[in-house]
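Letters are used for the chains, namely A, B, C and D, taken in the order the chains are written, and counting of residues starts over at 1 for each.
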Amino acid sequence: MIDFCGIELAHPVINASGCFDVLAARACFGEELIERFPFSAYVSKTVTLAPRAGNPPPRLWESAAGMINSIGLPNPGIEGYLDEHLGEYAKLGVPLITNVMGSTAAEFVALLAALEDRSEVAAIELNVSCPNVATGLDIGADPRGLRLLLEELRPLTQKPLIVKLTPNTADVGACASAAEEGGADAVSLINTLRAMALGYGGKPWLGGGSGGLSGPAIRAVALAQVASVAERVAIPIVGMGGVSSGADAAALLEVGALLVAVGTESFRDPAAGARISAELARLFAENAGS
Amino acid sequence: MIDFCGIELAHPVINASGCFDVLAARACFGEELIERFPFSAYVSKTVTLAPRAGNPPPRLWESAAGMINSIGLPNPGIEGYLDEHLGEYAKLGVPLITNVMGSTAAEFVALLAALEDRSEVAAIELNVSCPNVATGLDIGADPRGLRLLLEELRPLTQKPLIVKLTPNTADVGACASAAEEGGADAVSLINTLRAMALGYGGKPWLGGGSGGLSGPAIRAVALAQVASVAERVAIPIVGMGGVSSGADAAALLEVGALLVAVGTESFRDPAAGARISAELARLFAENAGS
Amino acid sequence: MSAPFGRRVAVVVSRVELGAYVVLEVADDATPAAPGQFYMLAAVERWGGGEDERPFLGRAISALAARGERRVAFLLEDVGPGTRRLCELEAGDDMYLVGPLGRGFVPPEDGQEALLVGGGVGIPPLAMFQEAWGGRALLGFRDAQRAPGASLFDNPEVATDDGSVGHHGPVTDLLDRVLGEGGEFVLYGCGPPGLLEALRVRALRHGVAAQLCLEAPMACGFGACYGCVVETTEGYKRICVDGPVLDAAVLV
Amino acid sequence: MSAPFGRRVAVVVSRVELGAYVVLEVADDATPAAPGQFYMLAAVERWGGGEDERPFLGRAISALAARGERRVAFLLEDVGPGTRRLCELEAGDDMYLVGPLGRGFVPPEDGQEALLVGGGVGIPPLAMFQEAWGGRALLGFRDAQRAPGASLFDNPEVATDDGSVGHHGPVTDLLDRVLGEGGEFVLYGCGPPGLLEALRVRALRHGVAAQLCLEAPMACGFGACYGCVVETTEGYKRICVDGPVLDAAVLV
């Protein structure tokens, strides 16, 4: 059992926000999904105050050892989320983490208020890092602003606050440290790297213009950022970015993460989380034996 | 012919700094290297005031669709460069660009002074972005500091100044714009992304601890950064990062680069520059025809 | 009926070339697919390292037939690094399989005649449809290299762009003739975007129902990434879970 | 003699398994390699998509022999994604080739006896050396699967770690015996780092010259990246251009 901000988790592998929709997956894979649920906690896709349709298609581009997405945070808004999704997620039997994004501090305040008396929500992840929405980036990339935001939000909730940092910054350690000073209970990283692709005729391919790079291509960047954050903060770290094997997960844990999140690899293998957590357990057992 | 800061170039493909050592290449490939020289200009490896041995090995790690290097800027120092290298480079018959890095403004001043009356040097590239050396990063990631540096350096030389921006920053457009305001004649990007790899036993593999990611893995990040810089500056842009084909080069030109630099792909194919420039010419001819 | 959770390894049992197409048969004893459903496929070995260092993600490929027992077949055309690698696979090679996925076609009601209108590599769902529920097949191909795809159907009517086989012109010429004859038709379409749009317009014009099997770049195929959306009268819909078969009436 | 500039495509003309090793012969009419020189190799198709989405860079592989005319041969052991892919290549497959590269061995002077001490997949430069200039071969292998590598030599003396073939123990046991016999020796070594270090120490102790063929991860093979350095008495040296063969006396 792992103690993550007071939440007990069966193993260190969770999903990355926006990379696993349990409702859709259940429709595809039936009860087997629940019986063999691959993650020790379930992180929701980013929820905003008002519903969002997301970006116009095309939303995907396959790149060298990775992909670029410009999904644009489609979600039913906090009300729709609470009314339609949360009850379903609760059936999973694992702790739930709700990922939220506001474009102003006031929006974050309202999001936290809406979640506060929902006991199904074990923790809240603050997305201050989405490269597709200008505001998320700006707050997350500026240490001072990030600290002020956390100082404002921290007193408003009993639930642990996880800050999802932006990787598109000069000094991610400084941002993590600012989040910690502001009262964050944990940090998670990395989100996607700002990226772009052109289609036919040299026009931007993605409907959203640019997007975010994920997958093995960013793995080594994630490792460096997690390592530098670990040198700066004492709060738990959720490491992610290109994890596709137990060895990748072990590397993130080695440099200081407490949990590991799997995003893109779940697209290639829906049960990747379970495979990675099994590989990780095997690696630990081998090391313990030697 | 392309006019790059007043320098005439036969085609838009040059080498990325630190990715092609003509002296060694000539020893390997003989005169054919000179006869079929793949680049329209030759950019030196970064030169510093004092000689540097570089980082302890291992210096390389192969990653998904790319590589991480922690070379650590070995170079003979500006005197050694001027005495032993520059004369040899001059035999190439293409314009020479000298890439320099100082760890203080005073060092940059001294480097510029040393180059000023060497007519072989057509332009100077200022490396304010090397992720292996703390100072380079700091100057390049902070727009204000970068502008001040340029304001100090600009009056000291007649030669065009190209600022090699760091990609490890929140807003590369702001940095580019600051460089332009400070008097830069061109900007070049992207340098390698800060990255890390672990070897056996979970210890950092690279002798330098961390390193820089290059190759196709960073291509889509490079395209996004070049595009955002192009929206902010009017000075010429040298685009690079993961270019391995004429199509990759065309994409960088499409979003606003005037020249394209080839780094890692030259390791896989020493004559890659020539192949890419030929592919680019073919693409242009096709588009002109259609 | 749901798909097994996760990605499984399946063995290619046969590889047959059908003109420009490749038909792979794969051993699999999971739930059989319904017409219009698809799988996410990848080669186990060497998935990557092609053009632009791709493929990386799995590729959505329609079930062609659940031939005999414990088999699923696919029809492939080499159009890029992913299909190229899949087309290379030989009997005995391993493949990753996720599926069957998505919502397939709804069969016609009594008294309705199913018109199956397919273009190029879009024919597999229709071949499976015809096997299950019958229907009249109108098929369009680019040329004689692709027209052999028609051999997967009973009594197909064929058109080719270059006139090398069957009618010289678009498959919609055949459709317009049939629609002109009158009858209680339902259209079932699968093929390139232009063909689907032509079917949507004809369905509207003739007041007949049409079920169209759509395509989009997909990262996951099971609703996880929200990448494969198409605009509908009810907002963006994920093709992989709300489709790939959608009623033409909801498309905008 | 310099290598052709750039990467060229060469065709594999034969593939032979030699125990756990694979010998590939490739058609190439460039400058022949000298003993100790190497090439940067990559498969033209599907270089990538293996373990950890590798290989990406070319792989440094020693010339084994310039057998007959316009041929170059390589000895490979599958130790990772790059060598695995190269080992897979069959006659008729295309390979990218850069080289020959680096500085090879300097032949012994008159009156000196060359002792060729090789370990495992490090034997190719020594096989080529013996073909060109003779010498007494002392070879160490892990086991009987690898010992067939000795068939590339004339009159080799063999040791294996598991004693399955020849002497049971390290190849340095054989060397110590020969050195004990006395004579005007020069050591030529190639193999794993531990063996090279053992040779360096013995060369020092016995006051004999030793030329060691070193290894390091290489990105380019032609001095461009500065990635392959080894520490010497004169500072860091690039193994690809200042080596791969270095005088043991300069190593620290």
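Keep this in mind: contacts are C-beta pairs under 8 Å (C-beta built on N, C-alpha and C of every residue); 3 or more make two chains touch, one makes a residue touch a chain.
All of these numbers come straight from a predicted model, not from anything done at the bench.
Novice: In terms of touching chains, how many steps apart are chain A and chain B, taking the shortest path?
Specialist: 1
Novice: Centre to centre, by mean C-alpha position, how many angstrom separate chain B and chain D?
Specialist: 34
Novice: Averaging over Cα atoms per chain, report the distance between chain A and chain D in Å.
Specialist: Taking the mean C-alpha position of each chain, the two centres sit 47 Å apart.
Novice: Take the average of all CA coordinates in chain C, do the same for chain D, and state the distance between these two points in whole angstrom.
Specialist: From the centre of chain C to the centre of chain D is 52 Å.
Novice: Any chance you could list the residues of chain C touching two or more other chains?
Specialist: Expected reply: 48, 52-53, 56.
Novice: Among all residues of chain B, which ones touch two or more of the remaining chains?
Specialist: Residues 61, 63-66, 215-216 of chain B touch two or more partner chains.
Novice: Counting only chain pairs that touch, give me the topology of the graph as line, ring, star, complete or other.
Specialist: Contact map by chain: complete.
Novice: List the residues on chain C that touch chain B in their complex, please.
Specialist: Residues 52-53 of chain C touch chain B in their complex.
Novice: Which residues of chain B touch chain D in the complex?
Specialist: 18-21, 23-25, 27-33, 36, 45, 53-54, 56-67, 69, 71, 74, 215-216, 264, 266-271, 274
Novice: Which residues of chain D touch chain B in their complex?
Specialist: Listed in rising order, the residues are 2-7, 42, 48, 52-58, 96, 98, 101, 216-220, 222-231, 235-236, 238, 241.
Novice: For the complex, give me every residue of chain C touching chain D.
Specialist: Spelled out, the residues of chain C in touch with chain D are 45-50, 53, 56, 85.
Novice: Please give the residue numbers of chain B that touch chain C in the complex, ascending.
Specialist: Those residues of chain B that touch chain C are 65, 216.
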